[in-house]
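Before anything else, here's the structure in question.
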Amino acid sequence: MPRIGVFVCQCGNNIAATVDTKKVAEDMAKVPGVVYTCDYKFMCSSPGQEMLKQAIKEQRLDGIIVSACSPHMHEKTFRKASEAAGINPYRCEVTNIREQCSWVHHDQTKRVGTIKSNDLTRMTIERLKKNSPLTRIKIPVKKKALVIGGGIAGIQAALDIAEGGREVILVEKEPSIGGNMARLSETFPTMDCSQCILTPKMVEAELHENIKLYTYSEVEKVDGYIGNFTVQIRRKSKYVDEDRCTGCGECIEKCPFKTDSQFELGLTKRKVIYTPFPQSVPNVPVIDAPNCPKIQKDKCGACAIVCGPKCIDFKMEDKIVTEEFGAIVVATGYQLMPNERFDEYGYGRIKDVINGMQFERLASSSGPTGGEIRRPSDGKVPKSIVFIQCVGSRDEKKGVSYCSKVCCMYTAKHTMLYSHKVHGGQSYVFYMDIRSGGKRYEEFTRKAIEKDNAMYLRGRVSRVYEKDGKVMVQGADTLSGTQVEIEADMVVLATAIVSRDGADTLAQRLGIGYDKYKFYNEYHPKLKPVETVTAGIYLAGTCMGPMDIPESVAQGSAAASKVLALFSSDEMAREPITSVVNKVTCNACWDCVTACPYSAIERDTIKNRQGEVVRWVAKVNDGVCQGCGVCVAACRSKSIDLKGYTDEQVFAAINAF
Amino acid sequence: MKIPYYPGCTLNTVAKGLDTSARGAAEALGFEMAELSQWNCCGATFPLSTDNVMGLAAPAKVLSGARKEGDTLTTLCSVCYNVLKRTNKVIKDNREKRAVLNGFIEEDYDGSLNILHYLEVLRDKVGFAKVKEAVKRPLKGVKVGAYYGCMLLRPFEDIGIDNAERPTIFEDLLKALGATPVEFPDKIECCGAHLAMNNEAVVTKLSGNVMASATGVGAELIVTTCPLCQYNLEKSAPKVSQERPGFGAVPVVYFTQILGLALGQDVASLGFDKSVIDIMPLLKNKEII
Amino acid sequence: MTDKDMEKTLREKARELLTSGEVKVVIGWGWNRARTKTTPIFITNPDETDRLIFNPLCVNNLSVYLTRKFKDIQALGRPAIVAKGCDIKNIVVLITEAQVKRQDVFIIGMVCEGMVYRQELWKGELTPEIMPTKCHNCDVRNPHVADFVIGGRSAFTPPEAPVGMVFEKIKALDGQAPSERWNFWINEFSRCIKCYACRQVCSLCFCERCITEKNMPQWIETSAHQRGNLSWNLTRAMHLVGRCTFCGECERACPVNIPLNLLNQKMIGVVKDAFDFRSGYDEKTHPPMIVFSPDDKENFIK
Amino acid sequence: MSGHEEQSGTTGGYEPKIMAFVCNWCTYAGADLAGTSRMEYRPNVRIIKLPCTGRIDPLFIIKAFENGADGVLVSGCHPGDCHYTTGNYHARRRWIGFKHLMEFTGIDMRRLHFSWVSASEAIKWVDLINNVTDEIKKLGPFMEYRGLKDAPPQAAE
Amino acid sequence: MKITLSRDNIESALIHQIERISGEDFKRCYQCGKCSAGCPVSYEMEVPPSQVMRLLQLGMTKEVTEANSMWVCVGCLQCYSRCPQSVSVAAVLEGLRQLTLRKGEDHQQIKDVPIPFLKKAPQQAIVCGFRKFVS
């Protein structure tokens, strides 16, 4: 016979007002198996818990019922207390007689409340009789993290994790880390040069003994679960031996072939063997195979000839490396929407219509013009520039419905850079709203208008066309209610930020969710901003949606702290609410395997001594199982049960009803 | 190849040139424009008010008639094209209105007709390559401004003949004819349309913009698909010349006329005589005739 | 091709399969001693294949002998099974539910022009009256999955709307008030003696330990009182939702004539309407009760 | 050990016994919210908490009726909101099958209710309980089912 | 100028009538002004397209019905084809025209149509003109 103790809480007057807790205690004493009952003012208070512990010891109780508030409130508290007093925490159950009884039944005679409390408590008692002691699941944690994406968010996450003393592999698909931030000139609102603050971090990441850089690499396959991921990474062939290359640059010097530079967004050319930009990390060139005559038709080979350490290998092939990780941080960043969608702005047709990122390059001292603002068509310094905001953003018809968030700020920055670099130059900004929420942001945009004479026009542009070497902009200023025509020398489009091509494929490989714009979904938009539905996989930066550098960095750190917390112990404890298979009766029909939302159930075999397969049975992976119980209901032979919610427990409760 | 053809009211009268030259060209290219045995005016404007189903009855009548003569229908006038194609879409997509309309016109038409502009026929059915082969009088060195206007392009969702912001179908044809199309910004802007009735000032300004924009980039000739555009442009030319110093008016003709010209049709048959600004000098000094 | 010819080919094929060793046992129909009824036989010896028969009395669905319920037969080695289209449906489900691998069974498909519902009804010729509902609506008279088909192609095309007693009865019941249906079923179930013949004969009730034998907790009251009877029959029906192929064996086997076909066919209809799924045709698609679609339609969840 | 005390609440007269199977994340939390917002509803319902509606075996419902429930209520997260991403989709499938089966068997569908109640829909929960309770009160005790046990096997005619 | 806003105006029957005829939802317009920017005749309009939408959002029907905007609109659909919210101001102006015309108030007296125009102009212009200006 079990020895169960029932503790009825008055919760001050919260319960006692409509429930006769004393009577409940007395009635429950009559229930077989109950050896001790009492009611008390505040069970959750420390004296209350003390009382509970004492009773456990004195009465040698093996099961605890606390009839009090919702288990969502204090189940943990009472289970801890029970554990402290030496009984298994899962032998302690909480009956909800507050939220679902005393608070919703206002019968002052206490009749209704008392009857219901009795029933609920009795049901819980019967349930408890069937509770078997459970122990928390311990999952070993591989203390090594994978960071996907070498932009500022990824670098920040990698550095923080590495600083926390854990190994990190940082995977970047370009030949150098740095991401989009490496393209930027200055950064708002402080106006410090992007590269000056980014490059040191890039170098730090390269030199950190806990960080391994896999540049020019992509994630191919992801298996496993939190603490135990197995990831296949494709290391694309650079045709240059990373370990031996000294980064002298001779090969680039001598390479006779040129092609458009992706890093410079087509504003200039680069060699066929190249590093994306001078401060590339690692400073190892790669050969752009499709454009290399040597690789394509075995002509040239100049680079190999001049290479001192002889580290160029035209036969080099992609390598697939398999690594194991305990956690993954996804920081794959963003790209700009193709402007060609907006024909009325003439992008692609009119040379001097460029996008914001291209302007960043023009303004950047390391850019194609050495930081002088010169227009692409004829290299002249533009006397006037029109900036058009919300190109694709907030445009349900041709673009995306959301706001790209950073354009207002960087456009203000552009106007400043322009006025500083080109004296007497006039900038015009067509905007719908100036969204400058953020520390010192509003002051920043005001400065652009008041100090740097940016002419802000509230309205959109209808069309942009060429007329005798000028770029004609036909827009409107809704504040004065007039049409506006501007003879500009250059037009800059604040193009929408969109998710990267292939973001969905990666999400499917990782098993994380994404929205209709293929931005990744956080677990909870407010309370779990960097977690995903897949435990052990975290998000950082613009792969979740438009955000600026401070936010991305903050998220990188947030994700890192999650990872470090996970890595803080060798094992990860989980609630033992998982399914378990009865191997004897399993029919191996695999219905559970099909039904499981987490693919937590595997096909397993039972072998005889000779090692021959005797039969197939389902097997639950405790690490992956989340305890939803879908499999239990799906199993006809009742060969799966859910710990903590076993059929027996549920039936006992129903029978006590 | 025989394609059912809807001329529309204007092409029967003031824009005869557009009609005859098109038929001639078709012949030269080996297909026949089979005029509908029976047709009525399309209404000349697609009613923008959602509750005006009556305004769709006329075009619906045309369409249901045409369906009996084939599964495609071609037309030349941009406005007819616009009205017919959009009405057809309504009948196809909107069950209620289909029912009402069929009630009006006592037919059972389902919108299964495929409406093609003559340009589309040339592009998709004949093929510009084949047109090129058929050219006998290449329009060497003629800088032509291809003027689309509104009705041929908008709204893109319903018409979709070509990119609404930067169409090329017209230029592609001109290239095939050996001419040199010039890219001018206002090629998709409005000529003033029906305001011709009571607001000449506006028409003069808009048509002026279009012509100036074309001549600004060196157009020696403007071609159009729409009788109203043609009318407005030509009619405004003198005033524009007064208002805008340095503006020189250029001939405004229908694309089918120079098509016929290039295909070697008898120049007299093309109806150039109808136009106010004479094209002959241009053709002569380019040694095309 | 007459039944005789089919028998001949069947026997030759069986012999060939056994001699070549391609299969170790042939599961088919044979005569009982009195040669009045057909009965399942298991041929392992090539010389005994002439005991195999095929005629309208071969109504039993032999697929049940492929399940884990018959370990001794499984122990014999790779089986060949003689099966009508309707029997093959069950084999397909068994394949879907991983109870048999397609390559592990040799299916001898028999073209079928209908069977007698109960062998007692056989008067020497097959008339529509003595045929079960399933035969009148059969769309697999030409076996749809088989390694070897015997018989000339059947020209029979099933009627657009299903016909037959079962469907009429279902319609009738649907038309009644809940209370009337309740009384009908309680009355029918009241005869149940929990002999579980329905379960034993069903090839889709292949559980090694049936839920009725699970007693911690006791899901289904074992004593044959009405409440337990109801629970059992509801559970059985529920477990067959989306799986039952309407082979009708359970009803044939029921010693107290509970019209189980009504329940089964009703649920088959429900599944067809709700999930557009028909069991027993494609071994690739999962039974509907273990999968889902985000846009499943229902009108009763408030 | 079934001992649900016959109660006559504030309304007096017969009080139905209603069993509710709810998921831990949405409906249970919704019911808690009704409490914290001090709403009031009929006291007849007894909740059994499960992790997810996907855990609910149709037999639970049959068992509830066997144990003298006059009505059964099943509720969980709205489609798409499942804490376990797809548990409630599975549940919905089963319910579609089970509901038709029960209907065909002649169970009065006014005694078996399915619904989606999110953690924020306290009001929906309250209305649901009140409506279901009142409806079943009208129907009276589920004698047909309660009677089964005691009736001898062959009795029903 | 000062206006007094009230729900009665904002949700007035007239407003809803215009919405119904034009098939456009005024709330959709977020006043980016792209229509006014691209409209070939907005220079001529007393109230440019985007402001027509704004006034209607505010329920100020009088101001728009008395303005010449609806009669100047050439129906070139540039506003609609470039509107990020897919609002057709052209349709709204048509709605306004209809309000007047359906009251039998012609904007253009047929007798005043210049004879040379009737003689020379393409029929389509005449038909179209009558449809837009005459009840």
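Letters A, B, C, D and E mark the chains as written, and numbering starts fresh at 1 in each.
Criterion: contacts are C-beta pairs under 8 Å (C-beta built on N, C-alpha and C of every residue); 3 or more make two chains touch, one makes a residue touch a chain.
Here the structure is a predicted model, which means the values were calculated and not measured.
Here the chain-to-chain distance from subunit D to subunit E, counted in touching steps, is 2.
Common neighbours of subunit C and subunit E, by the contact definition above: A. The chain with its Cα centroid farthest from the Cα centroid of subunit E is C.
More contacting C-beta pairs link the chains of A-D than the other of the two pairs A-D and A-C.
If you average the Cα atoms of subunit C and of subunit D, the two centres end up 35 Å apart. One finds 55 Å separating the Cα centroids of subunit A and subunit B. Note on chain placement: the centre of subunit B and the centre of subunit E lie 26 Å apart, centres being C-alpha means.
Distance between subunit A and subunit E, defined via averaged C-alpha coordinates, is recorded as 49 Å. Counting partner chains per residue, subunit C shows two or more touched chains at residues 219, 289-291. Residue positions 78 of subunit E are each in touch with at least two other chains. For subunit D, residues touching at least two other chains, in rising order: 58, 86, 90, 94. Contact between chains, as defined at the top, is found for A-B, A-C, A-D, A-E, B-E, C-D. Subunit A contributes residues 584-585, 587-591, 594-595, 616, 634, 636-639, 647-648, 651-652 to its touches with subunit C in the complex. By the touch criterion stated above, subunit B contacts subunit E in their complex at residues 8-10, 13-15, 41, 43-45, 47-52, 55, 77, 79-80, 150, 153-156, 164, 189-190, 192-199, 201-202, 206, 209, 227-228, 231, 235. Residues 343-344, 349, 463, 465-468, 472 of subunit A are the ones touching subunit B in the complex. Within the complex formed with subunit A, the subunit B residues making contact are 163-166, 185, 216. Chain contact summary for the complex, subunit E toward subunit B: residues 20-23, 40-41, 44, 72, 74-78, 80-81, 88, 90-91, 94-95, 98, 108, 112-113, 117, 120-129, 131-133.
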